[in-house]
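Look for chain A in each of the two complexes below; its partner is chain B in the first and chain C in the second.
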Partner chain A sequence: MVKRRDYHAYIYLLPALFLMGVFVLYPVMNTILTSFKEGYRFLTGSFLLFSFENYRMILLDKIFYRAIINTSFIAFVCVPFSMLSALVTALLLNSIKRLKGFFMTLFYLPQVTNVIAAGMVFALIFNNHFGLINMLLVKVGINPVAWISGVGIAASTELYMASYLRCLFVLFVYMMWNGLSLKVILFLGGLQNIREDYYLAARLDGTSKWKIFRKITVPLLSPTTFYVFITSVITAFKAYSQVVALFTTTYGPAGDNSKMMITVVGYIIDALGSYLSAGAVSVASAAAVLLMISIMFLTAVQFKILNRWVHYK
Partner chain B sequence: MLAGIHDFTAGSLFFDGTDVTTLAPEKRKIGMVFQNYALYPHLTVKQNIEFPLVNSKSLSKQLREQAKNRRVKVRQLIEEKVDEVSRVVEISELLDRTPNELSGGQQQRVAIARALVKEPSILLLDEPLSNLDARLRVQTREEIRKIQERTGITTVFVTHDQEEAMNICSEIAIIKEGKLQQVGTPRQVYDRPCNLFVAQFLGSFLINTLTASIQEGRVFLGTNNIGSTHLPNGKYTIGIRPENIIQSEQGCLLGSLVASIRHAGIETGEALLDDGQIIQFVKNPTLDSEEAKVILRLKPGSVMVFDTHGKKVAQW
Partner chain C sequence: MKERQLHTIFYVILVLTALLVLIPFAWMLLTALKSEGEALMVPPILFPKRPMVSNFILALEIAPFLSYLSNTVIVAILVVLGSTTVTVLASYAFAWMDFPIKNILFFMILGSMMIPQEMLIITNFMTIARLGWMNSYKALVLPYVIHAFNIFLLRQTMLQVPNDLFIASRIDGLGHFRFLRKVVLPICKSTLYTTMLLSLIWIWNTFAWPNLVTTKDSLRMISNGLSNAFTVNTGSIRYELQMSATTLVTIPLILIFIALRKHIFEGMKRGGIKG
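Let's look at the complex of A and B:
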């Protein structure tokens, strides 16, 4: 039985449902369908047959694996580190009395800056010749490091790995700077929701600061931590503009033609670059479907495993 | 300040003769029950109660020594203490629940158990009954009193509800704006207040505050002589509690009835005296209630005289 109240709700929801259907549901279904169409031509919509050819092409592509490795680096190295730093920062911020608003604004700034612009500035900071970092290193007496440089990497794998690691480091620093902002605000909100009473009661019982953190702060903060972790991993899987901002659309330093720092989304975008040729869009669709499945799978795993550590009140 | 959260601006604090003014809160052996209970929501009742024992450095050391002396494991010692204190507050069947599965009164008892389990030298209760409904408040109040009698721990109870204070305490301290006014048993503070503030503060019926004049050792309320005293002549404020003024056939006060108010079970009346003041008294149901004129008798010991600063100078 649909009660009278429900009728109204459904009618009010119709416009939103319509938009969702047109701009979300239909594209997703269409993408999944397209990913199975071999030799798909975007302009005409014609294709050869339904097959796994697109998936086969992706899974044989070395660059795709490079994309997976880079994306995993962002999701499973940068995210935990930035979560930890954000937690420490939020704890410190929560305990200071003055200038709280000032610091909060400061930490939130990366959220409101343009990703490309920020990335370009970071690339400049790490510039080999006149970058800030190298200038500071020289002042301290250390040799300047060629952060983003592709000299000689085509020839030797050693040099390639070295250049790759340096680029990863730059990416890491940038992701930390970027990731800290939102997480700090979220953790701060979560911390401020923990009532003072609990800390007072524990203090009167003579509990050490570390024990208070471990047994009271962490459990009561766990819903926030869980949320931050899930959303950060999902965001990390979608990383694209950060990499392009730092390493330009070739996904690597000058002199590199292996798309060193490409991510999965970058792979999809590149496949779409030649969208007029046969099979391009379908390959991109296949990659997108793979990305979607990985995110869903990973999120489900996170929920299952981490759920028993989250205490909701 | 007792718990050591706020600093002193002046003075010192002694527990059993030991100066604890500068002692850290955790070293003062204080058990505290908060107004909002502050039970850890992510732990069971049992884990809440044993929290002090498990997580305090100094208590852990004591426990280890005790365990060694009695040749038992520390865990067993903790279980014993938790069981004993749960029995005292009567929540032994609820040990496996979490705080959000308990009613207000039950949460309160868990909070008390947690404060008692570390055998503190002093128990602090910060308006513990404010969050309970009226019936539960009276019930829990009795339970707290029984617990205190059973354990004998010095207990400081903070409340703004005077009925609570009068019923539960062996000694009351009345404080106005941070300054101590009077300390005494509930009876003392109620029957023999030392100043006007204390007299007006206590009592479910507001004490009658009237102006009287003393001439040649005789006290006059209007034209009524209500007693004799050695105080010098002049105008004074006197206070008499309504329940001590009886409508009777013989008395020292004469007034005309202007109002009757019914409070659940007791009817009070307001009489107009011949100098224009209104005095509230308890009506006598056996006397004719239609009479316009009432004669009032004062119980002995009920008249209090206060000087211009509000300090009591005489009482008879």
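Let's look at the complex of A and C:
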């Protein structure tokens, strides 16, 4: 090694460390602190006392539970399905030669599309009157569905649930489309990292294709699979603009005032939006702390499991 | 089943998937070209009779769309320049220099990747407000200049530069900075482009932060402008103009991506997960 102690390194690191301190480290500390301040006023910085009041308020708030349910739906329903379709797509891509680059480019397009713009397009595709989906339904003789509609939901629980399920479906379709890109590329990278020799040896032994897939591809791909799962779940925990794009900042179809489709980050942003009223910012902080704890927990689980059962190259 | 038949099935499935991915783009473009009457037809029609290219100009007039666009481009350029500089310097130090508390600092950077942006938004908002930076480019740019994942990604790639090159460049009398510029950066070009695109996507999509720190319409960025100007719940929405606007927002990034796609895929693969 030629490397020797080099104090110039601090000059190289100075900009990164400075920005990190101001915009990452200090905010984390401060947000944790703020989350315990009761009756915190943003403008004056005054508060009554340190307590768990903000956490208590959140845990008693119906909307927060709605946010958790919707966020969990994205993380634990949408993510597995989009992983499965991404894995199949990557396997297919990996076994063809011609047009591979072309398909990869196509599949990557949703990733470089503005989230708000894409959400608007999906809202229009599912539009009750002018949407593509209803047009196709009518063509095959099915009655059009009011996909994003809150008509009559305030009066009837049944209608509310029906409307909610339809909105979840729209969100699901959007998340499938939106989530495919990155996962396909990551899976493809993982597949290409598996050494050819294993396949060659198996083929020489006359192993069947299905068995090769199960005994070689699946175990050797497991680190990638796990990495994709955890990062996707973490991204899903932070879902926000997707929901705003589909359902606007009221987090629901027109006619809904229960914030039907709100997510945890939506909850934080909402509280932050009314920063002038006492306690709002500290409630937002407490929700953010809960979010960070769940993300850290997931990351810890990732490291633990990666070390234990995932096969290494 | 024969190998060839199997491959045909593979291609059929891939083409179908590709079509599903492309449908939203197609619907966006087709709607963008419809006339006002055609966009409101029930049931809707697929193709406009006469493509209304003028919709794009109308969409630009409805909202100060050009100003949203130019704001986003200015912020994007500043962020990409700043963030690339900061990232390159930091990842070089982590990859090729040795200094006290190096590991502690690196783990700090790694750890910060776990922290959700939303956790930071609250205090950063207070910081910006107290500094009196509301409604300024500084507020829009600075928090995005630090990008922990990019530092991590680029450092991983820089570590793969052979040590012999470092020794050779030392013998030739090159210091760290020239070694970085003449040897390391050219080798890490793909990853560098990847980090730039990641920053760019980040800025292009960013929604919550600019919404908080800008109140003036003249400083709005594209996502916010788009959502404010074209999703008004009251009255009727001009869908064809909304879609023209989304088309205008979508195209620049797609073009940049297509131009850089070889590097992006390469960079992702290299920086990707290792077993």
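By definition in this document, the second predicted complex is superposed on the first by the 294 of 313 C-alpha atoms of A that agree within 3 Å, B and C clash if a C-alpha of one lies under 4 Å from a C-alpha of the other, contacts with A are read in each partner's own complex, and residues count from 1 in each chain.
As a working rule, contacts are C-beta pairs under 8 Å (C-beta built on N, C-alpha and C of every residue); 3 or more make two chains touch, one makes a residue touch a chain.
Every value quoted in this text rests on a predicted model; they were computed, and no experiment measured them.
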>> Using the superposition on chain A, tell me whether chain B and chain C clash or fit.
In response: fit
>> One more residue to check, A:113. First (chain B), second (chain C), both or neither?
In response: second
> After superposition on the shared chain, which partner residues are touched by A:198: those of chain B (first), chain C (second), both, or neither?
Replying inline: first
> Now for A:190: first (chain B), second (chain C), both, or neither, which partner does it touch?
Replying inline: second
> With the two structures laid over each other on chain A, which partner does A:151 touch: chain B (first), chain C (second), both, or neither?
Replying inline: neither
> Between chain B and chain C, which makes contact with more of the residues in chain A?
Replying inline: C
> Between chain B (first) and chain C (second), which, if any, makes contact with A:177: first, second, both or neither?
Replying inline: second
> Just chain B (first), just chain C (second), both, or neither: which does A:207 touch?
Replying inline: first
>> Minimum CA distance, chain B versus chain C, superposed model, integer angstrom?
In response: 10
> Where on chain A do the contacts from chain B and from chain C line up?
Replying inline: 220, 311, 313
> In their complex, what parts of chain A are in touch with chain B?
Replying inline: 195, 197-198, 200-208, 211, 215-216, 219-220, 311, 313
> Can you list the chain A residues touching chain C in their complex?
Replying inline: 1-10, 12-13, 15-17, 19-20, 22-28, 30-31, 34, 42, 85, 88-89, 92-93, 95-96, 99, 101, 103-118, 120-122, 124-125, 127, 129-132, 134-135, 138, 177, 180, 185-186, 189-190, 192-193, 220, 223-224, 227, 237-238, 240-241, 244-245, 248-250, 254, 265, 268-269, 272, 275, 281, 284-285, 288-289, 291-292, 295-296, 299, 311-313
>> Taking the touch rule as given, give the residues of chain C at its contact with chain A in the complex, in rising order.
In response: 7, 10-11, 13-14, 17-18, 20-25, 27-28, 31, 39-44, 85-87, 89-90, 92-93, 96-100, 102, 105, 108-109, 112, 114-127, 142-143, 145-146, 148, 151, 163, 166-167, 170, 176, 197, 201, 204-205, 207-208, 212, 222-223, 226-227, 230-231, 233, 239, 242-243, 245-246, 249-250, 253-254, 256-258, 261, 264-265, 268-269, 272-275
> Any idea which chain B residues touch chain A in the complex?
Replying inline: 3, 5, 25-27, 30-32, 34, 36, 38, 40-42, 51-52, 55-59, 100, 114, 118
